[in-house]
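Below: one structure, written as structure tokens.
Chains: A, B, C and D, in written order; residue numbering restarts at 1 for each.
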Amino acid sequence: MTRAKALLRDHPIIPLLVLLALLVGLLEIMRPGIVGERWIANTVKFAIPLAMLAACQTLTMLTGGIDLSAAIVATISSFVMATLVPFYGAPAAIVLSLVPAVLIGLLNGVGVGLFRVHPLIITLGTGLIGTGCLQVYQSTVIATGSEVPEALAWLGTGRTWGFPNALVLFVPFAALILYAQRRTGFGRLLYAMGDNEGAARLAGVRGWQVHLALYAISGLIAGVAGLLYVGLIKAPSLSLAVPLMLPSVAAAVIGGTSIFGGRGGYAGTIVGALILTVLGTMLTLLQMPEGVRRILFGGIILGVAAIHLRLTDTR
Amino acid sequence: MKALRKHAWITGLAVILALLILATKLIQPTFGASGVESLARAALPFAFATVAQAVVVIAGGIDLSIASVMAVCSVTAAVLMEGNGGAASLGIVLLVLAIGAAMGALNGLLITLTRVPDIVVTLAMLFVWEGVALLILNAPGGRAADWLRGLIIGGLPIPGLGGVPRALVFLLVLVALVWLPIRRSRTGLSLYAVGSDALAAFRSGVNVGRTRIVAYGLAGLFAAMGGLSLTLSTGIGEPIPGPYLLASVAAVVLGGVVLGGGKGGLLGPLIAVFILRLVRMDLTLLSVDPNVSAIIEGTIMVVVVMIGGLLAAKGRL
Amino acid sequence: DYTIGISNTVQGNGWREEMICAMKAQALVSGKVDSLNIAHRNTDAAGQSEDIRNLIEAGVDAIVVNPANPDGIADAVKEATDKGIVVVAVDQGVNADSAYVLSNNQEEYAYLGAKWLFETIGGSGSVVYMRGAAGAAADDDRDRGFKRALAEFPDVTVAQEVFTGWQQDKGKQQILDYIATGIPFDGIWTSGIDNVIVDALVESDVDLVPVVGADNAGFVGQLASVEGLTGAAVTNPGSIGGAGVTLALQILEGQMPAERVVLVDPALWANNDDKGKEMIAAAQNPDLDPEWPVSVSIDGWTDYSMEEIIACKGPGE
Amino acid sequence: MTHEAPLLDASGVEKRFGAVVALKAAALTIRRGEIVALMGANGAGKSTFVKILTGALRADSGHVRIRGTERVVGSPAEARRSGLVPVYQEPSLIPDLDVADNLRLGGTDPAKFKAWMAELGFSTLDLSAMIHSLPLATLRIIDLARALASEPDVLLLDEMTAALPTDLVEAVLRVVKQQAEAGRSVIYISHRFAEIAQVCQRAVVLRDGATVGDVPIEAGAEERIVEMMLGEAIKPGETAAQRAAPAPSGTPRLAVRGLGATGKLTDVSFALHPGEVLGVVALEGQGQDELFEVLAGARKPDRGVIEVEGSPRRFAHPADAIAAGLSFVPGNRADALAMQQSVRDNLALPFSAHPRAWGPIHMRREGEIVARTIERLQIDTRAQGEVGRLSGGNQQKVTIGRWLAHGCDTLLLFDPTRGIDVRTKRQIYPLVRELAASGAAVLFYSSELEEIQLACDRCIVIFNGRVVDTMPASKADEPRLMRAAYGLTESAA
């Protein structure tokens, strides 16, 4: 076992970054000239909402959970916000739109924390309920129009000195999560709960409190991600962020977070989201039948995960 | 004690199913043999997907590629049967089953070889199999042999029971044929052992890798049955995977199979599938606003698992 | 008075939502419908067959269905018509002789838009071809129309072919990626994911190229307001759903249509000709959901007002 | 001595886990009919060696000869076919299968298994019991009986007795001796010299992953072996007789009256005063597990009163007990540790339990406390990034260290020296005394009777869920404790 390998094992983010760089290199070979300021900004713009939704998955996965309602929650927030703007103006609409997000999160937390339901099933259920509620809600606002506030569009699509404005939101957000996961009591509990809930209990941790807070936070993050995404896409719809559900899970697991809990972290997830976004671009630009594209997409995901494991594993 | 509780869960599900059947009869007094028959037929692909998922989950994994594998099998069957209607279609069925099992085994093999977590591998394979399905058939098409389609339509007169839907018989016979011999064998035990504690299983002398491959292979086999049932019920192959992934996970968990592995059987998930289908049917019969019906389906799912969680917690203290 | 069943397999998409609202509004204003029984969810042909059979169980008089694909639900449709239920397929045809079809001509839809695009770029150049969902029947039909037009313009090439999956976010990301390659292109054909494409062009500060889209409110608005944008909207009325209800009611009342299959041919509104400009100006409706088609009614087939379809209320609501 | 090749002969075995060198020159030879002790401090590499010999791990290099032929044992199944059968330090049974299915899984003959269980004193075990519902001690015995049923040439027992109460230890030792008499061999790992002296002929000593000695067991060998193991001599511990017992007075810190809980706890009363270490002695399954769980808030009592500082308390959750100053070190370290987390995170876990403490961690202050605890318990930090990779004994230290770091008024120690090496044990007893001296009250269940005199002031003996005897530790010699533990009390409770 060499020093280099020990380094890789202790910092699994490094090989992930290397793999990302390789993919970008491959893309540049495929389409010379594509990797420029504009492309990077676009990629980052699209990776950010994905990375935010993947934060919901990362945090819940640390406790052995998952939040399958996150993409729907994001959609709900964005749609509710856009349809409320004509009535209440942007600031109030933004605040109001986060209410259902937190509510769904709390419901998840109650189910997981107090009723001991598996997170996968409860978030699937609340996602269904959320979808239904959204459909019912939209049938009441068809005629009133919708509007994406300037500020969100600026945040979602704009660039300043070449940097996507979304970074204004994302950098502090990511810094907060990265800090919280290892340097706050709450972060430590997420890992401990996912690792051995019984042990955490014996150490005096009341699991339901953690779950309730966690899923509420997850709902809030999803809501904010939805607002950012609608600023980027500028077309509120009933399924806006729904296509991000599987990718958000994928970003977290490619980034090295275990669905069984106790392992991983947000840094890997961010790179995971970037990798997926770059892969999406490759898929778009490949001149091949759609079937072949998807096979390559899956194959590369598997390859990245396998290489990453090889590089960081000690066994 | 634990066994009692497990069976209590299945009994509870059976009671819910019975109540739902009763409710259906109340909502629609004409509900009868044909209703049951169409229910069974509708449940077929869900049931196979669920059984496939259940086997993998019992063995401690999860298969996100189930619906894509079904799609590949469905289009393969539909393409091959186009123009090969007669006896050849029997061979095609066997071939597709073998292909499904092989695809599943490949999933398992990749998990074992790369040591990448199940969820990542099967997520990647979800895209791969989706791509394969599109290469085989780029739009809905192909066809199914008519005599095969007849197999799952209508009822089978069984003494004492009246007409039992063929689809139901087909489902139970196939699942029992594959699962029951395995369940009690060393292989079956290994599935549960690996799901329960892979390290302890390895130390007890179980070949963990082989067991994983078997689990995924079985899942592939059941998924192939699901894919075939899709082809048989629609008469064509559709390359876009249907809504079977999340539905299978939901039914597996509702059916008392614990995510993480080692616990549960196939009966619970099967009952859960019928419960979910029947809820759907009742909502249509009641002509509930479609948007509200999503809310109701979600609520039922949440409430049932919450009650289950509550009961389990009571039992634990 | 009648009970009408409705079956639809895509949820959360503006076009389909408008279709459902048109069905509700038409049923309401006709005064002949007691209740609507709507099955509206994301599913495949097998799931749609299940819904249709549930509607049969529910005892509806007619079923208006937007088929997942023409063949997959043929059996279920036949079962319905065998029971004397009137079945009208809208938007997409269905291969069952006993059903009536009132469908948008998808091949023509693509042909019309593509032909306009190729002419507008001067008969030569390269275009970005942004399709719908790989493996979907409607996408396949449209592809045929697009290819037919392409064959007529030997100097036009497809610079890039992508599948948006009819998802706004995916479409926008794809076109931004393509713009970033720096490879020039002369026009964009979209399968209805259109306004985000125009947004992307504007946001990227590149020269606006001609864009073909559907008559979605957002895109039609852009055709009138975006400086320097040349584009054409091809009509693809979601209100065909309302027409389907009308047809079903006519048949129930004994007025048989002359033809079993009626194809509604699309129209093209281009903002580079006067007639098109007029149509576009008349169709402006900033209050409409940007995903909703602006052609909310079809003369001779629907009777509701703009307010009524937007209210989206059916009988008994 | 015959010239037959040794049954098992390993030399130069090396194994690294990342930066951790677990083994660097391990060697061991065993012949037919021998019982050899494998000794070493916590983390010396004993378990790793056993895992390599039985195919659960692959060595990086080294030679293993079985009956004279060089072999690479690929898996536990293969080891078993070669006649090498281990009982690992952690139970290797499938939690969600019942006993019978566990036997079938490994291809064990149930009849032979049953015979061995009977031999070990479990003639009534229900084969349809689920593994996860059985107590740890029973699991250890099942593991052993399963190994014995396959009639191994070499049986490898890794701290088989650590979690066993005295009566079961005796049974195990008897069976081990029988094995040797039948011409089979046993490699026996334990930190208890008394057991080794009873059954082993010689001891192979590992230090820091290298075999440093092969010593015959004879009078006076103990000190030599300890010195080899540790690289230093240690002095014997102070016993209760040499200590002035504090006179308990005033309000007890913890008073328990008529406590009962479903299961085996029927009626237990006692008082525990500040500054006092109260020993608890019981055979397997007399209700001691339930008693500690109830006091820790991990189980609801059916009846009885718990008073802390004179006021009655009800614990609905361990957090309540902790708030009342009662901290619990469970017997099974797997119950207490988040195995994939670092030593630091495990030690500091209680700090973060309350929502008040969910905010930023004061890294420097916490770091100091953690460092002090590691220092105080001499936790081997080579693999500190993941507690699960520490050796068993070091894991055990972390479970105790957590409450030292956190501070507590009343410490509930359930067999805290399970699997801990001599040196550390000799550090833990003074530690417990120190805690008591600083005003803490300690309830101390031990499966090693000699510990009562080494650590406690007083002790109670529980039989059948009741306190059957109470005595000062200075009078608690082994024979008296044993008699009481079997319910043969002469003095009233």
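Keep this in mind: a contact is a pair of C-beta atoms (placed from the backbone, for glycine too) under 8 Å apart; a residue touches a chain by one contact, two chains touch by 3 or more.
Treat the numbers as computed from the prediction; the structure is a model and nothing was measured.
I'd like to know which chains remain joined to each other by touching when subunit B is not counted.
Without subunit B, the chains stay as one piece.
What are the two chains with the top count of C-beta contact pairs?
A-B
Need the CA-centroid distance for the pair subunit C / subunit D, whole Å please.
Their C-alpha centroids are separated by 71 Å.
Round to the nearest whole Å and give the separation of the Cα centres of subunit B and subunit C.
Averaging C-alpha atoms per chain gives centres 34 Å apart.
Measuring from the mean C-alpha position of subunit A to the mean C-alpha position of subunit B, what distance in angstrom results?
The mean C-alpha positions of subunit A and subunit B differ by 29 Å.
Using Cα averages as centroids, what's the distance between subunit B and subunit D in whole Å?
45
What are the residues of subunit C that contact at least two other chains?
134
Can you list the residues of subunit B that touch 2 or more other chains?
Residues 133-134, 138, 289-291, 293-294 of subunit B touch two or more partner chains.
So which chains end up touching which?
So, checking each combination of chains, I get A-B, A-C, A-D, B-C, B-D as the touching pairs.
Which residues, counting only subunit B, touch subunit D once they are in their complex?
Those in contact with subunit D are residues 1-3, 186, 189-190, 192-193, 195-197, 199-207, 262-263, 317.
Inside the complex, what are the residues of subunit C that reach subunit B?
3, 20, 35-47, 49-51, 53-59, 68-75, 133-137, 139-140, 317
Report the residues of subunit B in contact with subunit C in the complex, numbered from low to high.
The touching residues are 28, 30-31, 34-35, 38, 41-42, 45, 133-134, 137-141, 143, 149, 230, 233-236, 238-240, 242-243, 277, 280-281, 284-285, 287, 289-291, 293-294.
In the complex formed with subunit C, which residues of subunit A make contact?
Residues 31, 33-34, 36, 38-39, 42, 46, 131, 135, 138-139, 142-146, 157, 229, 232-244, 277, 280-281, 284-285, 287, 290-291.
What part of subunit D is in contact with subunit B in the complex they form?
Checking each residue of subunit D against subunit B gives 56, 75-77, 80, 86, 88, 91-97, 101-102, 104-107, 128, 130, 132-133, 300.
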